[in-house]
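Here come two complexes built around chain A, the first alongside chain B, the second alongside chain C.
On to the complex of A and B.
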């Protein structure tokens, strides 16, 4: 699987999320409060809303439209109205760049 | 417009009918909505959850509820109980709606279980199935006042004002809610309910309905055993005699405004209100702001309003002003169901998003009354 350079590591604030588009697909990149990086699909599984406008609290991303919650470290749904898990992607930081493994 | 014309313009507000098919086909359903520009850092700050304001408000709410209820019981049998039940009724039958709403969004408290506990209590008070209505309200936010998609449209055109007035004593609303709850308790969900509640949630909706009905049955039995209406004055009946404030504020949210648009400035109303109503209503008078940014907790809505008000129609300065404006439109809609209030934007605002309504040739009121 190819690793894609998504952004500089310090472009994402701690406990925040950023949108990354590549090859017609949209992803959400997260930086946790303890400075670890994660990636998921960028759209909520409930109504296809961009998660990059949502709120990150600890390991939770909350959708900006209906407040559905996911654990962005695993993709697991954590609160209505979301029922379907988010797809997650491997992430690493190399030379100050956040890299995402595109499946 | 003749009666025949009005009948021809009568819309299908069901969630599984012709309007539903049209909304999906035209892209009105699940569309991208307009929102005012707010820098990400500012929005992130506005979205931050806090326990403090909602804990304070909940202690006051439940404290006043217990105190007024106790006063009502103590003075039961004399006219002195009336002011106590007046307060108890509003706290039970009206404040429950805003608590249900904000905790349903999960924005009232930072701590999840606190949202969930207050949501369950408020759902019981407001006589709503806590499972069904969570999904119903999600749909209301996805497809706000989209005919055939939104299950929470209060004024269907042509509006029936007699029904609107009956809302203030909860008569139709509670009776309808009771029927739904009873049907759910018997394990039955309608096709409309099934259209917005995921199948995995159906058993939860039925279980919740059975719990609610069991508590109401217990209160009714207590009343029979005591041969007194007092138990029902405390549980159940406040939803009739105390719901007037919920509808006083709630009917203003979208009444008389546009249908089938994708710009909340066209179909939602922000009204400046007195501090007591704002506390009961948990700041949902900032309704355009709430729909644009549902992640912003109730206590941050006044700050959000200050940030984006130059991009919004001028708010109504009072509930009275808003009612005069809305009732004028509703009266005209009885003859002309296509009519709606199209409010003037300030010069600083970006234009309305017109994708789905630019070709609407029907005349509309062009500014605030």
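On to the complex of A and C.
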């Protein structure tokens, strides 16, 4: 699977999320409070809302519309109304760039 | 121990649906019966003024399906209204004559659109919007070039106005008060909404009193007190809603602007709970001010909490009111409860998105209202909700600075 350079590592604040679009697909990139990077699909599995406008608290991203919650480190749903997991992607930081492995 | 009865839920919306799931998730192994007077499985209502209208023919916004209900062993009874509750016999009667004994009962009957009482308002060209059928009846007439007259500049009316414009219909909105959204939305935000509707070609008449409606062969005429008559193909009235309390009041349950429940969503009968648009409940974060909310999240969360309490879990419902409305590419979000004495502080977020924070005379954050493209205000509104729950008294300069982090404020001790 190809690795794509998504953004500079310091473009995302700690405990925050950023949108990344590539090849017609939307991803959400996260930087956790302990400075690890993660990536998931960018749209909520409930009603296709962009998660990048949501709130990150610890390892949870919350949908800005219906407050559905996911653990962005695993994609696991963490509260109604979401019940379908978010797809996650491998992420690494190389030379200050966040790289995402596009499946 | 044998449990001869079971849990009975009356309702066809999100509160009822979430409650059924929450009862199973909460470990209840006995019977669950879900009764709806509608012919559908429970469904989401927010799309009925928006995507379900504009994307027609769209799949109805069902929250579940027959197979999913069967999978959690919910006995689903549709198109069958609950007609009477006998609390002494712990039994609900349905319109087809069958009776359902219950161990605990949840009433989630929602609200009903308030109806016009003007002369001529019984016309078949006058519509209301609450159900899938209502939405279909309206969208079926929203052809390009049709003229829809909306009575009431509230959320339902403005959302359906937006959908109609998206479909190429002409739209006139008639509001009796000096401005739209006068209930609960600050002037500055209502102004943004109003000017957007005007930009999109909606004719907006405020301060307009309607005297009567007259149906003709192929139109409906709405006459205003100033003598002007507006001719359209259909009228949609969005003039508020009333809680569906008949069943509860006939059963002798306490009513106070809705079915009166305590913070556990328990009615005046200990075996009967109520949730969603039909209840009034005490808001713990606002000195137990009793409110009734017409809000998606409130209905969802109350369904879940009511289910927990039906199982004896003594879980208080301690939410901060939260509401959204989508019109065109704008989304408006409102959180909290603004007091009459509150002052406002504006926070600009770029791209014309802004939030007004509301603070009481003691400096405590009581609410916020924001508007912007997409979900531009969502994150700060959500953080505001958490700050309100914490009883925060944030400094004005932090609130006013769109770059200052509300999350940092939340994490400050105290």
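The rule is simple: the second predicted complex is superposed on the first by the 103 of 103 C-alpha atoms of A that agree within 3 Å, B and C clash if a C-alpha of one lies under 4 Å from a C-alpha of the other, contacts with A are read in each partner's own complex, and residues count from 1 in each chain.
Throughout what follows, a contact is a pair of C-beta atoms (placed from the backbone, for glycine too) under 8 Å apart; a residue touches a chain by one contact, two chains touch by 3 or more.
Everything numeric in this text was worked out from a predicted model, so none of it was measured.
K.L.:
Would you sort A:5 into first (chain B), second (chain C), both or neither based on which partner it touches?
P.N.:
neither
K.L.:
Touching A:80, do we find chain B (first), chain C (second), both, or neither?
P.N.:
both
K.L.:
In the superposed model, which partner reaches more residues of chain A, chain B or chain C?
P.N.:
B
K.L.:
Looking at the overlay, what does A:48 touch: chain B (first), chain C (second), both, or neither?
P.N.:
first
K.L.:
Quick one: classify A:69 as touching chain B (first), chain C (second), both or neither.
P.N.:
In the superposition, A:69 touches chain B alone.
K.L.:
So chain A touches chain B in one structure and chain C in the other; where do those two contact lists coincide?
P.N.:
Common interface on chain A, chain B vs chain C: 53-55, 57, 62, 64-67, 80-81.
K.L.:
Inside the complex, what are the residues of chain A that reach chain C?
P.N.:
Touch residues, chain A against chain C: 15, 49-50, 53-55, 57, 62, 64-67, 80-81.
K.L.:
Which residues of chain A touch chain B in the complex?
P.N.:
13, 16, 46-48, 53-55, 57, 62, 64-69, 79-81, 83
K.L.:
Which stretch or stretches of chain C touch chain A in the complex?
P.N.:
Touch list, chain C to chain A: 18, 21, 296-297, 300, 304, 324, 374-376, 378-379, 382-383, 407.
K.L.:
Name, in rising order, each residue of chain B that touches chain A in their complex.
P.N.:
30, 43-44, 47-49, 105-107, 110, 112, 134-135, 138, 141-142, 198, 200-201, 293-295
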